[in-house]
Amino acid sequence: MDGWPMSISLQGIIGRGEFERALNFSVADGEVLAVTGPNGSGKSTVIHTIAGLVPLRSGQLQSDNITWDDPVAKIWVTPEQRTCAVVFQDLRLFPHMNVLSNVAYGLRAHGVTKDEAIERSQKILIRVGLASFEKRRSNDLSGGERQRVALARALVLEPRVLLLDEPLSAVDVASRAALRELLPEVLGGFTGATILVTHDPGDVEALATRSLGLK
Amino acid sequence: MAASSMANVFTDVQNHFLEEHPCITGVTYSYGSSATLAAQIVNGSPADVFVSASEATMNTVKNAGRTLSVDNFAKNVGEIMVSPNSKYDGRITDITSLTDAVNPGIKVGLCVATAPCGSLANTILKNANSTRGAVADTESPSVEDLVTKIQMGELDAGIVYHSDCQYAEQRGLAKCVAIPDAVNATTGYYVAALTPSPIVQQYVNYINGSDFKNTLQVKFGFLAP
Amino acid sequence: MKQRISPSLKIVAAVAALFVALPLVSIFVRVPWSDLGDILSQKSTRDALLISLQTSIIAALISCLFGVPLAWFLARSATRGLSALRIICITPMVLPPVVGGIALLTAFGRQGIIGQYLYDWFNISLPFTRTAVVMAQVFVAMPFLVLAVEAAFRQSDRGLEEAARTMGASPSRVFFTIALPAARPAIIAGIALAWARSLGEFGASITFAGSFPGRTQTLPMAVYELVSIDYRLSLVLSLVLIFISVCVLAAMRDRWMAGR
């Protein structure tokens, strides 16, 4: 694996509050790494550390040979500069914006023009099956629909690294099946690296190419 | 309750008065604008004596039936008080020099028209063919307030009583510019007993006595009634 | 389910409510209604009302412009001495207004710590100007806005802000697109409170800005001056002030109650 630029490579100690653990893994383009483990094993912390919301305690976090986080060398790339996108476990859709604005938010933050942002957002909404949902408010949507908005919001940014934190946990059983069908389709078309946090072996089975178990 | 222009006087004579009247254990003073004090007395304030700086404000209390006796014991004239740090020092010579027209940017204060020093100022302004609006930047509810602001340097000048100005000038806190007699005006000081106790009567007699009047005129710059 | 309230509690509550309501209603009763139009059209009334409205609205806007960033800083920053800074920023709320006025004079008066340089170098004399009125109002009113808005920022969902950051938004974009909209009810409530407080400001304003009809005399100052000379006029002006205050509170209703 040496010499191949990894989309994401973490080698060090992650931590949040009292919690700490050592980790060493990397994910290449096209791979889907499932991170599994019981509650409290640090699965979410992995996502938050890669996204830049939580710093490494020690070690290095790199993407494509660019260091994002190195406490000893005092290197830190801010979250907004990192080429990753997150679908949070609690989704975190912006309540004061409609679906289209939610999806377009990241594009606009990156300087994309309003027209182009709208166009790209509309396309991704069609891909996740929410074609007519543009003007709706996130509060009016079902769990499954909100999950798809969160997914669209991340995918539209065409990130190098896609981080999914328990993507099916906030969804009711009925919608879960539909999403389980949608995800591989969407992830299949995604060219970057994906890290999928889940406690459901069914998800690992259906979606992952590799898995990493945290105990 | 006493007009604030009497504050310095009463503080000064307090000890002397108590020495001379051993049965009186203490006198409590409440100072302010005569107009405000008069209103408070009419509304029921439990004062024993009222000392006002104008006939009008004393009449307010008299007409409300609160006075048992009224005496005129002194007079005061107006004077221009100038702040010692003022940039306009030397250029303030008369009433017209207080206007922005003659001295642009000068900050001048007057008492509110309802206070005795304010109606005094109004008369002076009229005599000098000037107006409040041309002269004043702020109005003070009492002459005490006005004097403080001038001494602090926040105002360049103001029309106050000669007694206040003399007091300040003696202590190097301000400079005084006299107002010519033709333009100047006077106001009368009145003392009224409000409650019928013999102690109150002693106090009023003291105010009316030649000893006190002498102190007023010689030491503090008041005029004879 | 409607809760049963004990009779003795009802009596105590009634007394409390009456104590506050009675003086306000009394003004309503004693106001010379037949002369209302006459009095309201007098120049001194119109002047005081205009000055009050102009200065208080400007003061509310300034309080918002500077108070919201301050509230954000207090809510989000992690520097040492933050709690001390917060106390200082809120102090004007509990300070007697006259003391506030004296403090302003000490800082910005012609002999003031800053004011002396303004005067000596630029010939700027702040006391007794309409600017001073606004300054006094901002001094006493801004803390109300800062308090309300900081509470909202503290309670706001940081998760949303984090999500925005991961999507590429810089901290300032997050502030304007996520945090501010979320705090909008509190900001509106803060502006309304700051405005109401500015409208009623007296002690600091009369000390620092003085009072002159048509220039710096606000409605509360006019009421104060009129109490001893024209009681009826002071009743009318008091009624105007009460009316405006009640309208502001009524417009805020539940937002004020909910605190957010």
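As written, the chain order gives the labels A, B and C, with residue 1 at the start of each chain.
Simple rule for what comes next: a residue touches a chain if its C-beta (ideal position, glycine included) is under 8 Å from a C-beta of that chain, and two chains touch if they have at least 3 such contacts.
Bear in mind the structure is a predicted one, so any value in this text is a computation, not a measurement.
If you take chain A and chain B together, the chains in touch with both are C. The most distant chain from chain A, with centres taken as the mean of CA atoms, is B.
The most central chain, judged by C-alpha centres against the centre of all protein C-alpha atoms, is C. Centroids of chain A and chain B (each the mean of its C-alpha atoms) stand 80 Å apart.
Averaging Cα coordinates per chain places chain A and chain C 46 Å apart.
If each chain is reduced to the centroid of its CA atoms, chain B and chain C end up 36 Å from each other. In chain A, no residue reaches two or more other chains under the touch definition. Contact residues of chain C toward chain A in the complex are 157, 159-160, 162-170, 173, 177-178, 181-182.
On the side of chain A, the complex with chain C involves touching residues 51-53, 78-80, 82, 84-86, 88, 90, 92, 94, 96, 105-106, 109-110, 153-154, 157.
Those residues of chain C lying in contact with chain B across their complex are 105, 109-111, 123, 125, 127-128, 209-217, 224-225, 227-229. Interface of chain B with chain C (complex): residues 35-36, 38-39, 85, 105, 107, 109, 112, 114, 133, 136-141, 149, 152-155.
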